[in-house]
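Read the structure below first, then the notes.
Letters A, B, C and D name the chains as they come in the text, with residue numbers starting at 1 for each one.
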Amino acid sequence: MRREIPLILTATVGIVYIISFFIPHRPFGSVETLFSDWILIIAAFAIWLGALNLLRVSADKIYRKKKDWFYALVTILSFFLIAIIGFFFSRGSHFQDVGTSFDYLYRNVYNPLSATMFAILAFFVASASYRAFRARSWEATLLLLAAFFVMLGRVPIGDMISGFLPENIRLSEVATFIMNIPQSAGQRAIMIGIGLGIISTALRLILGIERTYLGGD
Amino acid sequence: METFGLWIAALLTLGIMSFLYKDNPVYKLCESIFIGISAGYWFVSLFWQSMYPRLYLNIRGAVSTLLHEGRISDDRWLYLVAGILGVMMLLRLVPKIGWISRWPLSFIVGSTAGLYFITYLQSNIMNQIRSTIIPIYVPGNLGISISNLIVFVGVFCGLVYFFFSREHKGAFGGAAKVGIWFLMITFGASFGFTVMSRMSLLIGRIDFLFGTWLGLIK
Amino acid sequence: MNFFDKLMKIDRRIIFLFVAAAVILPFFLSIHQKILISPEVQGLYDAFESLPPGSKVMISYDYDPASAPELQPMAVAAMKYCFAKGLKVIILGLWPQGSIQANMAIESALEDSMVKEKNPQYGKDWVNLGYMSGNELVIQRMGTDIPVTFPRDYQGNPVEDLPLMQGIKNFSNVDFIFNLSAGYPGTQEWVQFAADRFHAKLGAGNTAVQAPGMYPYLRAGQLVGLLGGMKGASEFEKLTDFEGKGTKFMLSQSFAHSIIIIFIIIGNLAYFISRGVKKK
Amino acid sequence: MRIVRAMSKRNKRINWNLVLLLFIFSLFILSPAFAQEDTLPPSPPTDVMAKDTPNDAGGSITITWKKSADDGAGKNNVTGYLIYRSEEGDRGYKEIGQVAKGSKEFTDGNTKDKINYYYKIKAVNKSGLFSFSEPSPPATSKAQWFSSGRKNTLIAALILGGLILYFISQARAGKELFIRKIAGLDAVDDAVGRATEMGKKILYIPGTQDMDNVQTIAGVTILSRVAKITAEYETPLEVPVSRSLVMVTCREVVKEAYASAGRPDAFKENMVHYLTDDQFGYAAGVDGLILREKPATIFYQGAFYAESLIMAETGNSIGAIQIAGTAMPAQIPFFFASCDYTLIGEELFAASAYLSKEPKLLGSLKGQDIGKAIILLMLTAGILFITTGLWRGFDSLFIVQ
């Protein structure tokens, strides 16, 4: 019961999904839509587990007066603030409309935090490239050169530097060439490889050969 | 209210940036606000965007057909299954019957496996094969001929690198090595291309701080 | 440890400082840069240009404010262009915040004098169908039935009341799809579902980080054109003749790139010199 | 577009009298041309055909026609086509849609199956004049049981699937299978060992996507092997996750790993904990963990987006050993630049086989390899065919409809 039914379920659902790709006739044609809706609903239930876990771990920190317990309290309060506002004080399912309190929190708290976290990547990209792009070996030199040309070729300054060259070997053209030809080829090899890896993993999952995700008995 | 919000936004922006210098109480504060706010954000969003329209509205619709037209046959009843699977997921909170949450999980894994099998077969294999099959000699156009040849060599050798069940030795190893070269160029180029994106985001934040907040630039 | 060894292990915060300076300074400078057009941007522009006035363009806003610096200039330029040219725009979002970004883009677009002249009307010249969860499956469902997938617009009006949506059943009634994407779901899904399965004509604007992954689709013709990052935005702005933030920010971009390049060169010099010293 | 703008910008001091005079004069000269355009409708579209849209669930008919002689040629003034439909044939036509000039096809996706429909196409020109085509022969829509355009995908699925299954069964039967070295995976033991020596934690990030991503499932599978090692070494393990379903799954997996290593007592529920579903909120939280807990080893295995470098650079700054693996092509370069080892694309999916050395998993790798060989063969043959002109349509064998 604990393992057999889940394995049968995975196999059945997987096979129905694959078959439905080849059969446009009802009900197969609409299987995909239905299943995807179901997954979304299950995920919407599951987030309760995550939220409860976050609250429990944080509350535990406060209760035991662990180091940094104050910050755990801030997390709990922020969670309840937005959850209560989102559920009860922001026009129900229109909670994202401009002008709701939810939208206010979104624009002035969530968004700046998220955008800044994303933006500090600019600094990390700089420090990572300083460290990683060194011509230690032939392979590393290729990495370095490709990055160098593309980086310069993607901004107007690259063409200013290489302006004296004939048009078709200016930096932006070189960058386009690298992106279109060798980069595209490498990318495609990676994609085909990934495709095979995923097909084989999917098959193992459907056949129950890969069942680690179910845990133990 | 708007000005207050703007100040909050600006201070949070600076708080997160302070982390670049080193970990500090201000960053810790911003981080804990961020985790709480974002977890709550998704919690609310998933409710209003998945649970409410997909489960509640569908079932309500099916119930009203039953009540008003007396018809039980309505596709929307199928959503009840999803509701049951969702509740099974929550049963994880009850240790004794927590194992039942494997049912919805294996439903998800099964449909993921099916969807990925088909989608990747189509887009990562069939389509990529088709677009690699290009003439490597185009009469009268040396440039394209060479480009196409490079693409072919790159894809070929790149794939050879991914062979697992053969040792990379001899001619085979040589091809795998050329494959690595192509992968290196791919990584370098993708990285270089990305730098631009990342800088743009920082520019956006600086525009916010100096323009929207301080009004120093228009 | 000599000077060059130290240089190789420089505190990353010094690099951070230089990057910050390189981004901030150009805001206060005015230098004109020449912008060249790359073929993938030209491809997108040509696809737009080939549409006669009255054609229906679907624009999918699949990003959030985090990627707005790159994608918003594209969105604004595209909206201005569509309005000025009399193209009808159907907006939707596969990301929850997408339709909000769309409204912001329209707000900026409506300030342009060329657009003002045309005075585009909601419902007639553009509609915003809002956000729909379901990722790629939303695209797939639209392939069979758009009104069923989006029964109401973002304001809750039934789509059958919107003049623009009359006669729109699926992708075959839409002349061009333009997707602005910052990740998943995004261009890859539009290619796989709208272009591959339903043969829609598709162009995209991507963050610069997504863009390299899309070149295979571009080469295979699954995408007719592509805007990559802020540079793509500035090129598109130049082609459509609607200069905006993309062009403005490009200078900071150039400075920042240069600083990174300079650091890479310094790093390599230090590496070779310190290795040379050790060999002796 | 550009012209209009240039004109609006132009200096306004113009001699209007002269302009008016020139305008009237030009009208006289051009009048015959205008007259012709104004009074004659465009020539109608011809050969209107309607048939059931193939490979669908019914409810759709595809209409094709030959363009009006004035579309792209002739007077070249057709602006578009309107599509009309009737159930009677001679009357009762209603407009059902429109398409731009140059179009030769329309899909009517709003039909009832088993009913006869007739179609007419109306060509419209610039001055609003129009002409109707002859009605099409009747057509009915119906659903199909097999998508004929996807035959090739079915064949490919059968070949690849068959190969993988064949080699799995071979491996089960005891056939020895070789697997090449994957540096990142060889390093797993050392990396865990180092954390043990230093008395520090191991952080495991199973990607930032949900269970409906095969990469996450691969990441969870690798976690199970890593957890087995940490259980044996008694190294503390922490798995912060960004999705609730992943939390549930990882917990089961780690619990099982500790049990099978004979250390069920060492397993704690809170080893696996949820932070937030949000991409950057999660990255902020993980960065905080890295800076405060200073783990000796960090694993990143699964699907990642931009947050990859935020975490990996922070991990790098504290000097942790980092082993990454992802099949997100855009993120591989970042892990490559800031981690000690990176599993590239397909290697992520090979990892569980490599680490466990289970025959059936190794067998599937062999199957994948033979699949690759076939693809290489197809590519080479295809390019030869198409370059020499022996079989020009070879690439279209791979078009999926």
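Assume contacts are C-beta pairs under 8 Å (C-beta built on N, C-alpha and C of every residue); 3 or more make two chains touch, one makes a residue touch a chain.
Computed from a predicted structure; not experimentally measured.
Engineer: According to the touch definition, list the chains common to the neighbour sets of chain A and chain D.
Structural biologist: Both-contact set = B, C.
Engineer: Suppose chain centres are the mean of their C-alpha atoms. Which chain sits farthest from chain B?
Structural biologist: C
Engineer: Chain pair with the most contact pairs?
Structural biologist: A-B
Engineer: Between chain A and chain B, what is the gap in Å from one C-alpha centre to the other?
Structural biologist: Whole-Å distance between the two chain centres: 3.
Engineer: Centroid of chain B to centroid of chain C, CA atoms only: how many Å?
Structural biologist: 17
Engineer: Centroid of chain A to centroid of chain C, CA atoms only: how many Å?
Structural biologist: The separation of the two C-alpha centroids amounts to 18 Å.
Engineer: At least two partner chains per residue is the criterion; list those residues in chain A.
Structural biologist: 18, 21, 32, 36-37, 39-40, 42-43, 46-51, 54, 68, 96, 106, 111, 113-115, 117-118, 120-125, 127, 129, 131, 133, 144, 147-148, 151, 154-155, 179-180, 183-184, 187-188, 190-194, 196, 198-199, 201-203, 205, 213-215
Engineer: Multi-chain contacts in chain B: which residues touch at least two other chains?
Structural biologist: 16, 19-20, 28, 30-31, 34-35, 37-39, 41-43, 45-46, 49-50, 89, 92, 105, 108-109, 111-113, 116-118, 121-123, 125, 127-132, 152, 155, 159, 162, 183, 186-191, 193-196, 198-199, 201-202, 204-205 - these are the residues of chain B that touch more than one other chain.
Engineer: Using the touch rule from the top of the page, what residues of chain C touch 2 or more other chains?
Structural biologist: 12, 16, 19, 23, 66-68, 96, 131, 133, 196, 208-210, 212-213, 216, 219, 228-229, 231, 253, 256-257, 260
Engineer: Would you pull the chain C residues touching chain A in the complex into a rising list?
Structural biologist: Answer in residue numbers: 10, 12, 15-16, 18-20, 23, 33-36, 38-39, 64-68, 96-97, 100, 103, 131, 133-135, 137, 140-141, 156, 208, 212-213, 215-216, 219, 228-229, 231, 250, 253-254, 256-261, 263-264, 267-268, 271-272.
Engineer: Would you pull the chain B residues touching chain C in the complex into a rising list?
Structural biologist: Those in contact with chain C are residues 20-21, 45, 49-50, 119, 122-123, 127-128, 130-131, 189-190, 193-207, 210, 217.
Engineer: Can you list the chain A residues touching chain C in their complex?
Structural biologist: Residues 32-33, 36-37, 40, 94, 96, 98, 103, 106, 111, 114-115, 118, 122-123, 125-127, 129-131, 133-136, 144, 147-148, 151-152, 154-157, 159-160, 170, 172, 176, 179-180, 183-184, 187-188, 191.
Engineer: Using the touch rule from the top, collect the residues of chain A that touch chain B in their complex.
Structural biologist: 2-3, 5-7, 9-18, 21, 32, 34-52, 54, 68, 71-72, 74-83, 86-87, 92-93, 95-96, 102, 104-125, 129, 133, 138-140, 142-151, 154-155, 175, 177-196, 198-199, 201-203, 205-206, 213-215
Engineer: Give the list of chain B residues in touch with chain A in this complex.
Structural biologist: Interface residues on chain B, with respect to chain A: 1, 5-6, 8-10, 12-13, 16-17, 19-20, 28-55, 78-79, 81-83, 85-87, 89-90, 92-93, 99, 102-118, 120-121, 123-125, 128-129, 131-132, 147, 150-155, 157-159, 161-162, 179-196, 198-199, 201-202, 204-205, 208.
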